[in-house]
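First the structure, in the form of structure tokens, and then the observations on it.
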């Protein structure tokens, strides 16, 4: 139903729109979707056995670029489903893709992507995707959903 | 040098990176650049004689899409220059473009764009760019900077 | 076990510390606890049959004062339990009280309160606590927990 | 004039209310005042010769408790003056006090305090106020303003 056959391979989690997240237009502020994307990819990694608190001691995944398309507004107290999956993958960077929908109606609220590099926490050096991460991301690359 | 001849036609303002804006990686959180972009475009409109508190009573400018490229990190207490100018303009939507640089070194931190629609506050209807806004945006479209 | 016999009468919900919520000290930024308090009281009202999206159309509950005590830090990806219950109640204002604990260890992270007034959305007038709200808050006042 | 004779001894800076800072009630979200307090105390330290980027390498100043009184709302694009000064000082902790006013009318928007401990960055140990900080804070303690 519009989500593609690969939908099952990503990770899903929910966020609820807080007063803090709304703005004077009465809708969720546009910058918060990048936070919701973060919630989605952290959940993705957790479901692959990589809790963020563990990853964060070893590897930083700085965002190199990000984009969002805003399909319809979300409002105070709306429950949203955030789906995250892996898009393109290169030697030293990889892409998360996202879809955010209203939990009740499944109407599309926002979609987008983030491109990540890999930086060793100890040395600060940019590195290729380490194997322990790469093999978790691989399981998912067949998902052309969305 | 890299900012193009149109640089003078945009608006510039500064933001300082707050503790609130940093994250556990020790750098400015990636989502905050969309807030800095907001600061830039609000300043742009103010310099054109359109304070946001005035605009907000008449017209909402919901964001339809946004993108950011992250060139280098910004850190706690860094002073950043946000430059905003008008990119493409259509009948019912228009684009802001942005560049964020370290104030001291002028090194590029982030760049990106937002695409805006126009929505009447009274009726909630999507409308074409009203003339009072269009003529302010027009003054600037010659700026191919960045 | 340190939570008082009234613990059961409040509402509990969980929040997870996001990258967005951490700061360059590596811990959850102090201002975010007021957001977590919001999550707690919205959940409290939901459990009493008052979804915030419904309340927000009728009544605003502006915060008159707030306080937080920070007992120990929360870190990236920590799962926290937010408990909210009603404290003092007067004719036209009432108090929420909060406790935030680590979900796993139950160690106390933060506690505090917010004092709320009542403002009719239609008229903007400050009013007494309306009966539909008052009767929901009453059920809980016996809870001297924390 | 309600600000006390010591008003001059604190530090003043301004913040402007961003869309990001407003909420669906159309006013500045209550948690953001703790961020504005941060802006005030960072400016205080800067004016004493202690840029936060320098302090942050040596000493963390975790917040032990915080309180806010909300006197009147601030709205989109309001320019606010944040004044910060030192309140009580003990061997190992000290208090900032704050007042936030509308820049134009000087009407009081919010007031409050934060209590800070001192933690060495290198060792993570809680320590007494180091002399280099203490002597800067001392200059100000005569200020009984607010």
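The chains carry the letters A, B, C and D, assigned in the order they are written, with residues numbered from 1 in each.
Assume a contact is a pair of C-beta atoms (placed from the backbone, for glycine too) under 8 Å apart; a residue touches a chain by one contact, two chains touch by 3 or more.
Source: prediction; values computed, not measured.
Colleague: Looking only at C-beta pairs that count as contacts, which pair of chains has more of them, B-C or C-D?
Modeller: C-D
Colleague: For subunit A, which other chain has the most distant CA centre?
Modeller: Checked the centroid distances; the maximum from subunit A is D.
Colleague: When the C-alpha atoms of subunit B and subunit D are each averaged to a single point, how far apart are the two points in Å?
Modeller: 28
Colleague: Taking the mean of the CA coordinates per chain, how far is subunit B from subunit C in Å?
Modeller: Roughly 35 Å, centre to centre.
Colleague: Would you kindly tell me how far, in whole Å, the mean C-alpha position of subunit D lies from that of subunit C?
Modeller: Between these chains, centre-to-centre, one finds 24 Å.
Colleague: Going through subunit B residue by residue, note those that touch at least 2 other chains and give them in order.
Modeller: 19-20, 24-25, 27, 31, 35, 38, 56, 75-76, in rising order.
Colleague: Please give the residue numbers of subunit D that touch subunit C in the complex, ascending.
Modeller: It comes out as residues 24-25, 27, 30-32, 34-35, 38, 56, 60, 62-70, 73, 114.
Colleague: Could you please specify the touching residues of subunit C with respect to subunit A in the complex?
Modeller: 16, 18-20, 35, 38-39, 42, 51-53, 56, 75-78
Colleague: Going by the contact rule set out above, which residues of subunit C touch subunit B in the complex?
Modeller: The contact residues of subunit C facing subunit B are 19-20, 22-27, 29, 31, 75-76.
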